[in-house]
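First up is the structure itself, then whatever we jot down about it.
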Amino acid sequence: MSQTAQSPSTSDDTDERVKDLGWRRALIRPELGGIVGTIAVFLFFGLTAYDSGMFNAQGILNWSTVSAQFMIIAVGACLLMIAGEFDLSVGSMIGFAGMLIAIFSVTLGWPVWMAILVTFVLAVLIGALNGFIVIRTGLPSFIVTLAFLFILRGFTIYLPQTIERKTIIGGIREAAEGDWLGAVFGGKILKGMFQWMGEAGLITTFERGTRAGQPVVDGIPMLIVWAIVLVIFGHVLLTKTRFGNWIFAAGGDAEAARNSGVPVNRVKIYMFMFTAFCATVFAACQVMEFGSAGADRGLLKEFEAIIAVVIGGALLTGGYGSVLGAALGALIFGVVQQGLFFAGVESSLFRVFLGIILLGAVILNTYIRRMITGER
Amino acid sequence: MSQTAQSPSTSDDTDERVKDLGWRRALIRPELGGIVGTIAVFLFFGLTAYDSGMFNAQGILNWSTVSAQFMIIAVGACLLMIAGEFDLSVGSMIGFAGMLIAIFSVTLGWPVWMAILVTFVLAVLIGALNGFIVIRTGLPSFIVTLAFLFILRGFTIYLPQTIERKTIIGGIREAAEGDWLGAVFGGKILKGMFQWMGEAGLITTFERGTRAGQPVVDGIPMLIVWAIVLVIFGHVLLTKTRFGNWIFAAGGDAEAARNSGVPVNRVKIYMFMFTAFCATVFAACQVMEFGSAGADRGLLKEFEAIIAVVIGGALLTGGYGSVLGAALGALIFGVVQQGLFFAGVESSLFRVFLGIILLGAVILNTYIRRMITGER
Amino acid sequence: EGEKYVLVSHAPDSDSWWNTIKNGIALAGEQMGVEVEYRNPPTGDLADMARIIEQAAASGPNGIITTLSDYDVLKGPIMDAVASGVDVIIMNSGTPEQAREVGALMYVGQPEYDAGFAAGQRAKADGVSSFLCVNHYISSPSSTERCQGFADALGVELGDQMIDSGQDPAEIKNRVLAYLNANPDTDAILTLGPTSADPTLLALEENGMAGDIYFGTFDLGENIVQGIKDGVINWGIDQQPFLQAYLPVVVLTNYHRYGVLPGNNINSGPGFVTADGLEMVEKFAGEYR
Amino acid sequence: MNTRTTHAPIIEMKNIEKHFGSVIALAGVSVEVYPGECHCLLGDNGAGKSTFIKTMSGVHKPTHGEIVFEGKPMHFDDPRDAIAAGIATVHQHLAMIPLMSVSRNFFMGNEPVKKRFGISFFDHEYADSVTMEEMRKMGINLRGPDQAVGTLSGGERQTVAIARAVHFGAKVLILDEPTSALGVRQTANVLATIDKVRKQGIAVVFITHNVRHALAVGDRFTVLNRGKTLGAAQRGQITPEELQDMMAGGQELVALEGSLGGTV
Amino acid sequence: MNTRTTHAPIIEMKNIEKHFGSVIALAGVSVEVYPGECHCLLGDNGAGKSTFIKTMSGVHKPTHGEIVFEGKPMHFDDPRDAIAAGIATVHQHLAMIPLMSVSRNFFMGNEPVKKRFGISFFDHEYADSVTMEEMRKMGINLRGPDQAVGTLSGGERQTVAIARAVHFGAKVLILDEPTSALGVRQTANVLATIDKVRKQGIAVVFITHNVRHALAVGDRFTVLNRGKTLGAAQRGQITPEELQDMMAGGQELVALEGSLGGTV
């Protein structure tokens, strides 16, 4: 017999079959595409909309707020998607939760903190119900939550219509005056600092109107604080805890995870509950800021959440993704959407651009990931 | 050593490890749930809405037409879903294709047959583009077609807005007068028969106005004919041809199918094109019947198609399903939707009922399938 | 006694403005002792609305009250309904001429383009030459007609002065802010209903333009009334939806019971609501106003 | 019955039946597993071996029959219960998540935690070092503990699964065809591991189609056929040829030329 | 080189390299396959065997190197080309669709058609009868041709795949670890089938980790190691022990007690 190749080295500590990735190693992370996308988007609008006010204090607050909204629901959708499920009822849940808060606090006259707490409990229970049905029937969550999309929206229209004979319930801001929990969702922080910055001339002040002389930005809305808190919470939960490992496992292969002793059902139901929680945070912030709840709130938000998560590098099929990535996806989405307005794009073409940029972002994202990791 | 069990029979023609399924064997088919659901739905409305006119000639035509609409898009969605992909741009495609027909025939003054043919070509090309992007980038079709949902809807708003300064273009019925292809989508058949039935008193006639004395139903709209033709075509294609086998294979496991020599990419792209074709048939029928195209046409139709397909027993994950099932799903959905109106359900609760009935139908469906097949 | 009337609207079922309509028919039904139903296409798709009219006709009511938001789409089903013996009244959208053509008894409402045009003339008289139209339901034709009428009366191109704001209040607010930020010399704002007006109010409050910029809106709501009272909104165009729903039921009932019918169409609007005489409006805004 | 009676079985499966709808996968199988012994479960394809060990590891609940664990009747509601009781399993269709890193997979369901500010965090350093160490013991050098399992070859994945089960397997270790996809060297490693584990007093249940692997490490053999026990034997009581005949369900084998020497 | 030169190879793989991003799976492997012979491809886990035969069957395009088929250079763009040229493959990770029926799977990509009214329809009767017949030949009695593949046991599925490849394999039949999940009886059947096919003049490429299976049917042996050819031999030139040593990559095997008799 012929021995045509040399014996391999006995120690395998280095593997000659792997080309060195060098610096690219450090870049292999799910949020990579999101980072590149964010840079690209800022460069783009930096060039096209620089003098439109997009990057002055007011402009920054503007797209930050929109992005923060997306982030709040994207965190929930991201964890749920990594756990292998979908929730199409997020948008309807936003409308429903807002309406509950309004009915409790305005119609029933409960203190706002109680209205909010009870709403949270109910919303999270509905999330659990969603999850329970998915687990028990084995149906795809797409279908189950689609049903809840209809059901919750229906109640959001029916309840105020029956109780108050109108579909927008206002007056919540007045009810929330001085309420501690109301302020947690609708207040602003760092007001003093911005006041001082305005006086010091660091940010511009209003020139005309009722608020002339005040700084254009007078504080950071709690919405943004909530977004940051939820992103950090989600990130830590996912990457640093035992439960996070279970989330990955449940989405990667539910059967395998179950066989290894991961309580998959519990994990999935918790994630449905968390998604409902995030939707309720969104709703509470919105209701507190705008002072009213309407039957049309939250329409199509489920898609915006899913888009943000996918731009952020998560797999629709579960088991892979990152909360930071989803947050960057939300940022990209928010900046693109508002940027188009700053850039003055023809409004009926707005959706066309949105679609194209989204597609572009996801393709770029995937392409970069493959280039770096060498997948094919 | 101890031999504790008898040697098995040498001929294995019967397997003692399988309990006899008997008559249940014949019931194991994907459309089973759909059949049971259809019976249940008709029983339900037969009892609750019997005297509401739901089952007179006009009423039957009403829910048949709505069901036929669902069927047309469900056939496309069904084959695409079996091939393992999704199309969320169906609704936008309906709006877009209708708008193109209107612009070509009314604004540009082309003959209607040419407008329709060119629209079909363009729509099918867009379908192919959808498929091509999905195949080439490897992105989930959910995301790619979601982008097209925005892009196509955007153009549907932009084009008429720019060209005609309004978002609705009318006057197509006049343009289509006497056009052979227009009649194929907007005409009615069996007029003579209905005329006769009206004269024989089998169906009621109009009491007054220009059409006094004519039967209330004066023919079967081409929409229903198209639905039947597409269902038969889809069913034969899927179950009786080589290409049908490829559709199942592409959706069941694309990699395995590719390794066995199935041209998976081609199959998937063809299915995207077929879905676009079905959407365009829907649009053409609608435009020819109503004589105008609007920017709001087809909103959310993609979900209705997917719901019908899933009620009809197909798997969201691909590789399993039936066109007949999808057609029954469409029938169930159409009857439920119109039936709720006939039954006089409070309009704001409409969606609640819709959601509950859908969920119920899918659960029933799955449960029956499992009961019959003994899966667990 | 016990006549049955169905009102079919073109609005998606989350649209708040139609609430007044629902209250209007409910009240009329109660007062006249007739059965009333409200129907609408859940997504606002007019083709679906046509099916609902067909359905309503098949269920054999005494009368149908419907909007005529797209003459082409709806004329077939409405004419069929009329021919099968159902009396029809057109409300809200469409024109008196179209109503006559489809064989309806009468028309109650406010033609959208004309209302927009009237608003535009008023604004022009007040010295407005550029504006922002916040369109929260751009896919519906009547929304664009309002903006178009306004622009035509001003004698300017509509162009990108109309923005597709979406329906999320935060997005509406921030888009208005973004637009005003990028186009600070905008003279006026036109909103098309409470959905876009409420967040716009907040936006103006936030950027300090409240009371400074010329602000007109279609349709009324709680916050709009408050805005008019506070002097932030210059006027609201009230088409009195309550009447659009209430009167047809009354007219139809009396027609069916006693054979009496008004000889003319009823224009329920446009009426401009300004800071004067707001008391009743304020009390019932969003409910009957 | 020819069982050693000097010590008690750690797990007794009595008359286990399992039906899936119309399919009767197990029609009454009894097996006793003793600590410190390797129990080989053999049999044709579809004989019910995997189904049987799945009832043992809590994946399936038996339709009839009883499980006695350490002398007490046991009802495993899900795999967590079995794991908690000390039964570690390597399933035939791997229980690994391809998209997750090796160390996350290794500790899946058994994550080590450390306390920080009163909150339990996943102890990544500990997990990483244990994983690297255990894999090195099995003869696999990983590029790093954060490598995704999906990038390993089939044999390497199998080794991770076995190493994990060995690491956590307190009392009973179940291996379902662990060597079927493995190369010669890895197979020898796995057999040696079984031997080592057994000597530590752990009970091993080993499923294989390879007569020679079974004979190499088995103390006791149970052959299943069509959901029933076809025969049982102890080490030394049976020749390779007899065992192979029984594994083939008592049916004739096709005659083969070449150097098979009787046993496949 | 010790090749029989009496007849020409049907397929020559010259210096095949295959890189996946940063992973070099094949670093230059050459193999010649002769009609009527069974060529065994052996080697450790991750040696590159599957990757190699995938370049042969058109699944992967080689990064470098040349494929000569029947004397002419060939470029397979996708598996269809290879199948059309007469190369049938049973992949390690099955090429079966669980949700589809056995007969649909059997003819997947090669559907028989009959003409009706000028249109080609899938000839279900023909497909069903051929499937039942071929499966019977392999020793599997199906409940019916419309049974879903997902309801078969792993071994039965493997048998369907092999039967299909044999049925359609015109000139070259590639089998990637076909016996790894099979029971004793099914393994004997597959080995007998290989033998039968080879005698019909078809070239067979057979991948296995089992020395004894390789020696039972192989005419020629190529051992891969870490993407390179470690050695090659012909039948009769090599002892089982030598072959096993080479398959282990030349590394020492763990010592095992028991009746392994040298070869695993």
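Read from first to last, the chains carry the letters A, B, C, D and E; within each, the first residue is number 1.
The rule is simple: contacts are C-beta pairs under 8 Å (C-beta built on N, C-alpha and C of every residue); 3 or more make two chains touch, one makes a residue touch a chain.
Just so you know, these numbers come straight off a predicted model, no measurement behind them.
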Target chain C, source chain A, minimum contact steps: 1
Far-end chain from chain E, centres as C-alpha averages: C
Chain pair, B-C or B-E, that carries the greater number of C-beta contacts: B-C
Separation of mean Cα positions, chain E and chain C [Å, integer]: 72
For chain D paired with chain E, centre-to-centre distance based on mean C-alpha positions, whole Å: 28
Centroid distance [mean C-alpha coordinates] between chain E and chain B, Å: 43
Junction residues of chain C - those touching two or more other chains: 13, 138, 164
For chain B, residues that touch 2 or more chains besides their own: 18, 153, 157, 161, 348, 350-351
In chain E, residues with contacts to at least two other chains: 23, 249, 251
In the complex, chain D residues that touch chain A: 57, 59, 78-80, 83-84, 89, 91, 94-100, 104, 107-111, 113, 119-122, 124, 141, 143
Contacting residues of chain B [partner chain A, same complex]: 133, 137-140, 142-144, 146-151, 153-155, 157-158, 161-162, 303, 306-307, 310, 316-317, 346, 348-356, 358-359, 362-363, 366-367
List of chain C residues in touch with chain B within their complex: 13, 37-40, 42-47, 50-52, 54-60, 70-73, 76, 79-80, 82-85, 103, 138-141, 144-145, 148, 158, 164
Interfacial residue positions of chain B with respect to chain E in the complex: 12-13, 15, 18, 240-242, 244-246, 248-249, 252-253, 256-263, 315, 319-320
Residues of chain E that touch chain D when the two form their complex: 23, 43-47, 92, 151-156, 177, 180-189, 191-192, 195, 209-213, 215-217, 240, 244, 247-249, 251, 253-261, 263-264
